[in-house]
Structure formats: C-alpha cells, structure tokens
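Read through the structures below before going on.
Shared between the two complexes below is chain A, which pairs with chain B and chain C, respectively.
Moving on to the complex of A and B:
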C-alpha cells in the first residue's frame, strides 16, 4: 500500500466507523444465518460492538432518572436502537450456537486447525461452551449405555469402514449470494456449470463453489443474502 | 439457547433488515443530534429534510414528530412504468437500481440495506432490494404522506403477483448444478423462494451425486496427470444410463 492508496481510502471512506461496524455486523449476521457451515469469529468487530453496547447501557442507566421530556424522548430513541443492536448480536450468537450444537466434533477439528491462523473459527467462550457441553454429553453417553459396549465400539468419532461417524454440514448446499465486486469465472465442481459473476449480480449457487470469495471465509467479495 | 430457526432469514428478520434503509423525513419538531451505536444522527430542524434510518422515521411518524417523504420509485407513475416493464419482459425481473461507483480496494463495499435507494433522491425507475417490505411498511404507517395510497397499494400488489409468477416459472431452469442468475430479485422474494429453490437444487444434486462424484474424481485425475482428453466422456455417460 503506498501513499496514494492511503489518500484514496481516506477520501472515499467518510462513513463513520460506527456505521461501518453496523454494516459489517449486519452482513456477518445474515451470512451466519444463511451459510451451511460456521464462519470464522469476527473478533475485532465483536470487541468494538460489545464495548459500545456496554457504554450505551451505562449511558441509559445514568440518564433514566431524568424526567425532562426532551431527554426522555432521546432516551427512547437510544433504547430502541440499543435493543435493535442487542437483537443483532444475540441472533448472530445463537445462529452460531446452533451450528456448534449440530456438529461439535467436526467444528472442534476445524477450530484446532484454524488456531494457528489469524482468524480462529470460534471465540474463547464458544470454545469453552462447546468443550464442556461435549464432555457432559460424552460422559452421559458412556455412563448410560456406551460403557456396556465392547471397547472397540465405544468411540464417538469412529471412521472405520470408510464411513465417518462425525457429522458434517452439507457444504454443497445452494445459497443466495450477491457479488460486491467483479468475481470472475465461477466453476461448479463435478458439473459443466461455469459462469461469470459480476458486481451487483445475484446468484443461487452452491456454497462450496463461492466460499473462497465469501464474507468471513474468503476475500469478502461475495455476500450471502 | 441455540436458534431454533431453519437457515435463511424469516420475514420479520427481513423486515428488521429493511428498517435499516435510509428514508427522507420532513421533521415537524426539533430533535437534537444523537450519538447512536450505528453512527451519529444529525440534528433535525424543521422544515429541512433529513435522511434517517426507517426504524427511526417510523418512530417519529407514529408520534407525529415527522412526515416521511416516500421514495421517488414509490408513486403511481414510476410503479406503473415498472409494472409495464415487468409484464413486457416475462423472463427477467426489472433491473435493480444502478450501483454507486466502485469503492476503492481497501474499503468495505456497501450493499442493501445501506445504499441510499429509498431516500428522496433515489432513482425513480428501479425497484430496490427491499421494495416490497419498504412499500408495505410506509403504506401502513404513513399512508397520509402518499398522494394516492390506495393506487400505490394496488400497483405494489400487481408487481408482487407478476414477480412471484416469474420466481415460480423460473423453477424449470433449476438443476443440480445450481448457478441461477436472479438479478433484481427482492429481499422478501428471496426469503419466500429460498426454501423451495434451494430445496429443489439440493434434492436434484443428491439424485445425481454418484455421477458427479465420478466426474469430480476424473477431473482431479486429469488435472494431476496434466492431460485434457475428454474423449471417453460420452462413453461414461452411456454406461451410466
């Protein structure tokens, strides 16, 4: 990046950082609700958003005693917006939890592989939730029936016989996407399908064919809708 | 705690998304500037117009603190023209609004609901992504700000019918590979069509899964061996049938 790029960036991007974070969070939320697999945890974004929500709650608590009607109405607006933000964050986290509950062993393997990169798949609390939930589950299974099986049949992640016991999300599931930049040729593996995706286009396409351009998992040139 | 909903947004969630669209209001009361979580709101001074998110505009409207200026595409003249276009071109949806200039490489590109497609200076000749939700919400909460609310409502209903028919007739082109272009489709239409469209594509994919797997293996093999002969392709097809 040289100085011209930096200047161009400043000139174009006059949007306040708060607004950009809202746009990013909204995009992450929609993507997480739509994508068949769990997407990397946007840790910087979430840190900023949660910190702002915390400060806003403090502000509301500070001013609630104020009976001046003008401030009161301002407070109504602030609280309405606060609730909207809280809904976004909550729905985002719950969508992730649903995926964690559905495929814990698969996600743990993916997460372990991702810890060396810059974008770990799960947040620390999600990891904690998943490991303790999973250990409770496996303890329960083994105390209620698994312990009575032969030792060779007690595993929960058996891969013998060419079939893995570990459930995986369907990565070829069709998704609705919108290109935010010219992406170029998309090739759907295993078929003759090939097409060009241009900025602004909306396509129904397999997740596996676009994931390397997607928000979260790839370059971010394609968003899920 | 985990979300009990299936993948894809539900209609209330799509409406929630649509409430982030910017609309133009004419305030009837002063309102000081606000520092909100999603960025600052500039002070509202009657009678100067201001662009604010739809959720705030609806809040102000319900308390009679502002009037909403419907976007230019949401009037009888524009909607009639768009409806004519939709009926004339039975294959595709009417084109979406023109995109803003390409942002530089280092910035986050914006997309609906954050494009100013529903403010007073939006394009009058194209339906934006959240057209149906926005239209319905404005007609419900601010019908007195429209010139002919009933006529607008009728046109919206007509547009919805025509476009749903297109979405349904588009089923014929669906196949296992996916890759269907749907430019101009609306948010609520995606929500309504999602379960069916993706269900058909996924179902067809599962039927042809074994053939596809063969094809994949062969493609990979060819890639490794570095030869691009597809001479035996037809034979394989025959064997399959």
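Moving on to the complex of A and C:
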C-alpha cells in the first residue's frame, strides 16, 4: 500500500453513500454488460437502490399537485434523475436476463455451486424466472418433438458422444479492463504471456485471466470498461 | 449391412432456421418437415435395435467393426437430427420471446385482424393459417404469463421499457392512431389522430412501441 492507495481510500470515505451507490451501480452495470459470464447478484446494493427509487417516486407523487414553479423545477430534476436510475437498473437486469436465457443450464449449475457462499449468483426472482423459463422451454421441446424420440435421446443436458449439449459462455473472450489498484503479475492461461498490471493501467485481456480480480467476481481491484 | 442415407431433410431445417433469424416476421411452422425428421429418427432407432438384436446385449465392437461403424453412423445421425430440431425450435421460440418483450401480441396478429400493427411486426403473413404450431402458441401464452409475473416484481423499473439511455424527460410525440384518453401525472390527455403533444416519456413509452404515437426528434 502506498500513498495513492491511502488517498484513494480517504476519497472514497468522503463521498456521500448515495454517490458511492451510483458509482457502484454504474460499475456493476458496465461489468455485467461486458463480462461474458453472469456476475454475482449485488443484493445489498440493489436493495438500497430500489429502496431509494421507491422513495423518490413517492416524493414525486406527493408533490405533483404543487404548482409552485420552484418545486416544479426541482421535481423535473428529480424525475430526470429517477429516469436515469431506472434506466441503469433496467438495463442491468436485462443484461443479466439475456445471459440467463442464453445459458440456463450452465448458470443453474454455477448458481447451485454458489448458494453456499456469501454471494449467490442469482437473485431469488431471477432463479425463479430461470427455472420456470427452462421448464417452459423443455415442455415446449418435448411436446413439439422430443417426446416422440427414443428415450435415450430425450435429455437436454446430454454429454455423451463427445459433445456436451450444455452451452457455456466463452470465458476466453477479450475484455477491456482498468486496474484500480496494483494487481501484480497476471498469467494468461494456455499461453506463455505474463504481464504486470499496475494501478491505472488499461488492458485488453482474456476474461478468464482477470476474473479473479474483477468487480463482482473477485477482489474488485480491476474494473471492466 | 446397409447404412440408411438420412441427411436429406436436415439442411432444409437448418436453412429454415437461418432464414428465420434474418426475417422480421416468423415464417410458418414446418410441421411436415418436423414430422418427417421425427419419423427418420424413429426408423434409425429401430435399425439400431434390429442390428443389435442378434447379439442379445453382448455386442463387442472390435469383433465386427463394420457393424460398429453402422451403429456409430446411425447414432450420429440421430443426434444430428436432434440438434437440428432443437436449434430450429430454439430460434423460433427466441423470436417469440422477443415479440413478448416488445409487447406485440403474436397470437392476435396471427388471427388476421392484427396486420400492419406494431410497425410491421407479426404482419406479412396475411394468410388465415397461423404460422405458429399449437405448441408454440401455448408456449407464447405461458411465456407472456411468466414475463408478466417477473415484471410484476419490478413495477418501479418497468423492465420492458426502452433500453436507450434517457435524454429528456419530456418529448414531442405525434398521434398516429386514435388511442383515447390517457391519464398522466399532469392530468389527462385526449389522444386524437394527427394531434401533437409534449409529454413525459415514461408516460407514453408503451404507446410508442405499440405504434399509436410517433416520437418527433
């Protein structure tokens, strides 16, 4: 830890929690949109953000009758901010749903593995959505054609024949990252590339190589951009 | 010993799926093709059992490589057929989900009255016949229920709202079709055709996606 880290910590502490939440939400949103695999659900952050959105909506509803131009102007600003927050949350949720829809079986396995840890992969409602969607889909397949197949071919998560039917996201996808702290040596698996990532550096690197330090999945020393 | 030539239908299925990806609307469900592929798989399965029957469960692949080869080819064909069918159905159901998200009522648009609605979505199949299979119709119904339930958890956010970042709180819109009266926080507005309003974006977003209003930039 050097002087920069100390300064950074002081700076974090002096910003109000609301601003920090917004920063964090934005960071999560960017990370979720960029990372090839789904990141753990930030439940505390989302609870705070949703609660605040709800309060702001109430405030707006309370004050709309007010014709005073000053409050009216303030309301417009609040509503604009509200719309932006809603957009962030919406886009964040949709990005997650897109991944859930794309790799349900894989994500379910990952989620089950993660429930014992502190950060489950999915929120309860996401899990519910995913399981019901998956059962809808398999019902649809089986009523359309699978039920008429020989029994040995009816599974959706077959791994025989050398090809797994369970689709996985491409974990070696390249992502742009910025280091928020000194990370140290990073070794890219499968190649003999090794490099050092310093605070403030921006790299294009395989997701699998930096996952351990990333926002959401790891220590949070590296943010996706 | 013979190996059934079985790969005639599948390229068509895949082509069909690929084509569906690019089309703005859903082409009719290829039920005949699906049925013939299912038949093929069942025939192949029968072949496999009949090949294996004389060995009564103790088949040794290294003892008769030619039989093993036939079995392998049969198995591969069945798997390939299954993959193709899965892909075909997945592409179509993805498309149907997309419609659900956009708020286009596919089932109604299929009924014939809905042509030209929703900016051309779901239209373009003016035939009386539905281009969805009965299973697909059921799927759409269930998926929209699921979506509605999931959306209900996020009432403040409006999940199906626009994914464009918001720029202005208020926007200019022109009414394309009579939509009746709507309630906003600033009182009610009567939406009659060709009139123009300056309204809050959040209030009219739905109507824009449904094609009642047009956004003026």
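Everything that follows uses one rule, which is that the second predicted complex is superposed on the first by the 213 of 225 C-alpha atoms of A that agree within 3 Å, B and C clash if a C-alpha of one lies under 4 Å from a C-alpha of the other, contacts with A are read in each partner's own complex, and residues count from 1 in each chain.
Quick note on the criterion: contacts are C-beta pairs under 8 Å (C-beta built on N, C-alpha and C of every residue); 3 or more make two chains touch, one makes a residue touch a chain.
Bear in mind that the values here come from a model prediction, so they are computed numbers and not experimental data.
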item: Touched partner set for A:101, first chain B, second chain C, both or neither; value: both
item: Touched partner set for A:57, first chain B, second chain C, both or neither; value: second
item: Touching partner for A:80 - first (chain B), second (chain C), both, neither; value: both
item: Which of chain B and chain C A:136 touches, first, second, both or neither; value: second
item: Dominant contact partner of chain A by residue count, chain C or chain B; value: B
item: Touched partner set for A:180, first chain B, second chain C, both or neither; value: first
item: Which superposed partner A:116 touches (first chain B, second chain C, both, neither); value: neither
item: Chain B and chain C footprints on chain A, overlapping residues; value: 53, 76, 80, 84, 87, 91, 94, 101
item: Interface residues, chain A side, partner chain B - complex; value: 1, 5, 8-9, 12-13, 15-16, 18-24, 26-27, 30, 33-36, 49, 52-53, 56, 70, 73-74, 76-78, 80-82, 84-85, 87, 91, 94-95, 97-98, 100-101, 170, 172-176, 178, 180-181, 186, 188-193, 195, 199-206, 209, 220, 223, 225
item: In the complex with chain C, residue positions of chain A that touch it; value: 50, 53-54, 57, 60-61, 64, 76, 79-80, 83-84, 86-87, 89-91, 93-94, 101, 125, 128-129, 132-133, 136-137, 139-141, 143-146, 148-150, 153, 156, 161
item: For the chain C and chain A complex, residues of the former touching the latter; value: 34, 37-38, 41-42, 45, 75-76, 78-79, 82, 85-86, 89-90, 93-94, 97, 133, 135-136, 138-139, 142-143, 146, 150, 153-154, 156-159, 161-163, 165-166, 169, 185-186, 200-202
item: Complex contacts: residues of chain B adjacent to chain A; value: 1-5, 7-9, 13, 16-17, 19-20, 31-32, 34, 36-40, 55-56, 59, 96, 99, 102-111, 113-114, 176-185, 187, 190, 194, 197-198, 201-202, 205, 212-213, 215-216, 219
